[in-house]
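Right after this note come the structures.
Here subunit A shows up in two complexes: once beside subunit B, once beside subunit C.
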Partner chain A sequence: MLMVAPAFLHALIWIGIPVIAAFVLSFTNYDVLTQPRFNGIQNYLDALTDPVFRRGMLNTLVYAFFTVPVAMGIALLIALMLDTQLRARAFFRTAVFIPQVTATIAVALVWLWIYDPRNGLLNAVLGFFGVPAQNWLSSTTWAMPSVIAVGIWQGIGLKMLIYLAALQSLPKDVYEAASVDGASKTRQFFSITLPLLKPATFFVFVTSVISAFQAFDLIYILTDGGPANTTTMMTYEIYKSAFREFRVGYACAQSIILFVFLLLLTLANRRLNGGDSGRH
Partner chain B sequence: MAGIDLTATSPRTTLDVVGRSPASRRRLGRAALYVALGVIAVVMVVPFVWMVLTSLKTPADIAASPPTFLPTEWAWSNYADALAAAPFLTYARNSLVIAVSHTTINLLVASMAGYALARLRFRGSELVFLGFVAALMIPTYTKIIPEFLIVRFMPLFGGNDILGQGGTGWLDTWWALIVPGAVTPFAVFLFRQFYLDLPVELEEAARLDGVSELGIWARIMTPLVKPAFITVALLTFESSWNNFLWPLLVTRTDSMRVIQVGLSVFRTENDTQWAFLMAGTTLATLPMVVLFLLGQKYFVRGFANAGIK
Partner chain C sequence: MDFSRRSFLTAMGLGTAAAVAGCATTSPSGSSAADPTGPVEGDITFLCALFEGATGKETLEGNLLKQFNEKYPDVNVTVDYTDYGSLNEKITTGLASGLMPDVVTLGVGWIPPFAFKKAIAPLPESLATRYTYEERVLEPSRFDGTLYALPMVLDTRIVAYRKDFFEEAGITGTPQNWDELREVAKQLTVKEGGKVTRVGFDPFSIDLRQCWETFLFGNSGELFSADGRQVLFDSPEGVASLQIFLDMMADGSADFAVSTEAGQPTTLQQGTSAIMMTNNSLYVQLQQQSPELVDKIGTFVLGNTNPAMLQGGTMVSQSASSKNPAAARALVEFLGSPDAVLVASEQRGSVPAISDLKDSEYVQGNPMVAFALENLSKARSEGGTPAWMEIREKIKPTLETAIVGQQTAQQAIDQLAGIANDAIGRL
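Coming up: the complex of A and B.
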């Protein structure tokens, strides 16, 4: 019991108490300088009716949609391609995974330079193919897709890797039996591979949703939430409310809303997977 | 690792009826596969190459539109100039101190906790474990504001009185940079998984010989889960080195800044001097890439294990 105590106390002070404090403060008006004042559910009403925070919620959902299910599809496709007797497989695996271990700040700075409208690599490459130059990050049309692209680029390696590991641990005999029975490759994929990948899918989904909903560094460097709030996220609004406007109670309410979003998504996924993954 | 496989290669699909011989079809499929993977690899690698190349370009090359891929003149002095333009070495040293501290503390504290939760039965152990699992679920952004307040109002530090008023608490100190992030529930969870797999006979034999619980953990069980230690060490070091928002919030002065914050500040303060910025970014990225290449197996296992179990 003493052996758990240090970790337990640490978690209590730096996770347990903060979460409870965030919940309590979310019902108050608090600006750090004066005592918090109880104001009921006013912060929640404000957050849910504030057009900018609503935009942030919508953007977060859009960003999560592309960087989670869509990126998972792409990752599975790459994993299937790599799950063959392929020379240079180790090289590909490394190439895809390196962005994952690189700091998001570093990644975002490099992409900021690539997206540069005048001297950037992207416009140069597209220009070579006759595509006109774009102001990627300052256009209300292109800013969000540009941010999403970097999100997918950075996160794809981990998803791919987990799928690859799962693919390589699938039982061989099932496929042999299926081949004997004359099941086509496509049929085998949908009836055997996908169902067997469920635990991996559940894990990738949950961890990716958690990180997608907490995308912050990318936005901080690439767009600062702009142009016209088209790329702002829930996390970015929380940061702005708390540390730029000092509306701490309000920011706490926003952070609880973020938590509820994540909780609901995780539970929904668990339900969809038939509680199956819970038993693994 | 070598799990060479099962499904994808043998091209005995129904589509094979298209007239070509199976052998040439196989070669065609293979070529397509290589092209697809090649394109993906280029997309993944080019930004890093571009980062390094930019860091070696002269201002004239940087301003060229359209840009040339390779520098016309290799400006190796950019690195020395970048280090002179901003204290990147101080930033990197700070990051290193924090990452090493986090790694050491996390290995010690989380492995003890993981061991106790896996092997020892005590009152409330189930509840404590559930607590850690719940802690895994808490988003950073839900706890970061109160964490900041705790640090800011830390009693008796940074000029604060016993009630935490009057000063700045732990702000802009090593305490704030190191303590709150030192132990992660994820590490506790991962260690527990590894200790669970060990045979029970070993610890029973040791217990009969009168070895203390702490001794069993330190001398008998821990040497058996070395891979867990390497995995947790790499993951902790990596996330600590790459962390941005927390150090951004709790540091004010240049001398306390970490590398990621330093880079973002350099960008805003110096009207984005791309060659220097990319030199700094390269320096910040290099240690992680090297660490990853050295410990790839453990990184992969750390992430993937959790995914399959």
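Coming up: the complex of A and C.
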């Protein structure tokens, strides 16, 4: 037990205490400036009836719904391509992974330019093909898809890396046996590769969902939650409540709601997929 | 060493109690009011949202603070630079951690919330009469009649227009009310191939909250009652101040999609608007980006029933929990002096808060700053309630719901009033 003491203390100080403190403060009206006063479940009632926070919850679900499976699919596809004897594959692997290690602020600024309605790259390219210019980030129709597109693009790198590592650890003899039995490449992919990738898929899915639910910096830079709250997310509302409105107790309640969301999603996924054991 | 479940839970419980108690004990309300009568000495911190960039740093630390230290050699000032967008976060985290800076820059409208919660210290009334201030300028520095801050720079929201476009359209005077504005904007709107290539009026290049407030004040409306406890903007004047944007969008003379992108020349400079809501710092931008337009752009104060311009700005205040209150007070007084105010204004193209500076070379050489100073009697400020920090965040997204057609102007204002009433009710 002594050997785990450092890790235990680290978890206690940086995770345990803040989580419990947040839970306790979520039942108060703590505003940083004055002593917290107990206000029961009022913060939770306020959060669940606040139309903007509810919009944030919906937007977060939509964002996660589109970014997670799409990015996972693309990442798997790229990983399969990069798991071959492709020339310059190290370059391609690096190129795909670069968005993951680039500061989101820098990424968002580049995308701000790409989405610029008058001088942006996207409208220039579309204009070349005769497609009319769009206001990607200030239109209630296009703002969310634009943010989702950046989220997908940015998230591919890490997922690809995990899938690539998993692919390289798959047993070769199974494929050899399948080939001897006459199984096509497609059949091998669906009957061998995908089932064997289940633990990796479970890990990628859980971490991706958590990451999608924590989307913040992209929103902060690209849209500020607008227009008309169409791109606001749960984390962004938590940030605004705590740091712009001084409603720390309320922000804690919103954080607990987010935590419960993630917990339920993870448990549901674990149950649906039989966990990360690879059983099926 | 063995960790039982009981010892684990005990540790967690003690830790939580310590964390919660830590949060509570850092509250400035529990500290004694800063006493500024002691010796002017010690280390103080200054959270600064002015003097941006390397030039600003050199101006503040290489010039102003050297002057300050000549007078107060025993004071050591550490400057924490931030931008206006992060100022609120810096203050929040400072308060939560018990490391509230001794001297802070605050925005217009921020004094009532911080003074109400006793986060900032009152200043002697004598500082309000030390220099010549327009009374409108000092209004946002007070809470319950007490002075809590000294204004440094002002940023007014005014209307700018292209004189050459007016001339081309044969328009000889600037609009005096909203009806005239609508008519002029329609005349100035240009369509080519069924597509609007120039809007007559661009209200969306400044923050929608501030734009709507300018129109509200110009329509003789008010945000809150004098004591800040009653919402007054849910009036016909408040609704009309939002409806005017919808009407102009319906006319085709304003477009939510046509606004100035961050870091780019304004729509007025690009010729995609003929009239726009802007900030007095536009003049500096014109000099840097479009010197050929300097003489082609004019300004006016718009009103419907009451000419009004919005006055934003930056004020300097003293933390109520400063451990060296005399030094902090001395720095506040210094930063509110004409020397510091003029340098800060010049560095960012702002309006100096002290009226006597209207004869300075800087003001005389900047027509938009001079214009703003001349019209300070028409200036109105946002805020006015201790719940402002919460309410201000909700205004723009709520008004946008009407702009993008999700609800009517009346519904958006009603929703906003509900949010504001809830926030005030929580005080």
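Heads up, the rule we're going with is that the second predicted complex is superposed on the first by the 265 of 280 C-alpha atoms of A that agree within 3 Å, B and C clash if a C-alpha of one lies under 4 Å from a C-alpha of the other, contacts with A are read in each partner's own complex, and residues count from 1 in each chain.
Keep in mind that, in the parts below, a residue touches a chain if its C-beta (ideal position, glycine included) is under 8 Å from a C-beta of that chain, and two chains touch if they have at least 3 such contacts.
In this text the structure is predicted, and so the values were computed from the model without any measurement.
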Clash or fit (per the criteria above) of subunit B with subunit C on subunit A = clash
Request  = Please indicate which partner A:I148 is in contact with in the superposed arrangement: first for subunit B, second for subunit C, both, or neither.
outcome  = neither
Inquiry  = With both complexes superposed on chain A, which partner does A:S138 reach: first (subunit B), second (subunit C), both or neither?
reply    = second
Ask   = Is A:A64 in contact with subunit B, with subunit C, with both, or with neither (first, second, both, neither)?
value = neither
Task = With the two complexes superposed on chain A, say which partner A:K240 touches: subunit B (first), subunit C (second), both, or neither.
result = second
Ask   = Which partner does A:I221 reach: the first (subunit B), the second (subunit C), both, or neither?
value = first
Query = A:A79 contacts which: subunit B (first), subunit C (second), both, neither?
reply = neither
Ask   = Looking at the overlay, does A:N229 come into contact with subunit B only (first), subunit C only (second), both, or neither?
value = second
Inquiry  = For the overlaid complexes, name the partner, subunit B or subunit C, with more touching residues on subunit A.
reply    = B
Inquiry  = Output check: A:L265 vs subunit B and subunit C. Expected answer is one of first, second, both, neither. What do you get?
reply    = neither
Ask   = Taking the superposition as given, does A:V32 touch the first partner, subunit B, the second, subunit C, both, or neither?
value = both
Message = Considering only the contact definition stated at the top, list the common interface residues of subunit A for subunit B and subunit C.
response = 1, 8, 13, 16-18, 21, 25, 32, 112, 116, 118-119, 242-243, 248
Key: Contact footprint of subunit C on subunit A as seen in their complex   = 1-2, 5, 8, 12-13, 16-18, 20-21, 24-25, 29-36, 52, 112, 116-119, 135, 138-140, 225-229, 232, 240, 242-248
Contact footprint of subunit A on subunit C as seen in their complex = 1-3, 11-12, 15-16, 18-20, 23-24, 27-30, 88-89, 92-93, 95-96, 113-114, 117-119, 256-257, 259, 261-262, 264, 270, 389-390, 393-394, 396-397, 400-401, 403-404, 406, 426
Ask   = What part of subunit B is in contact with subunit A in the complex they form?
value = 3-9, 12-14, 33, 36-37, 40-41, 43-48, 50-51, 54, 62-67, 109-110, 112-113, 115-117, 120, 122-123, 125, 128, 131-132, 135, 137-150, 152, 179-183, 185, 188, 213-214, 217, 238, 241-242, 244-245, 249, 260, 263-264, 267, 274, 277-278, 281, 284-285, 288-289, 291-293, 296, 299-300, 303-304, 306-309
Of all residues in subunit A, those that touch subunit B in their complex = 1, 3-4, 6-8, 10-11, 13-19, 21-22, 25, 32, 78, 80-86, 91-92, 94-99, 101-107, 109-114, 116, 118-121, 123-124, 127-128, 153, 157-158, 161-162, 165-170, 172, 175, 179, 184-186, 188-189, 193, 199-200, 203-204, 210, 213-214, 216-217, 220-221, 234-235, 238-239, 242-243, 248, 251-252, 255-256, 258-259, 262-263, 266, 280
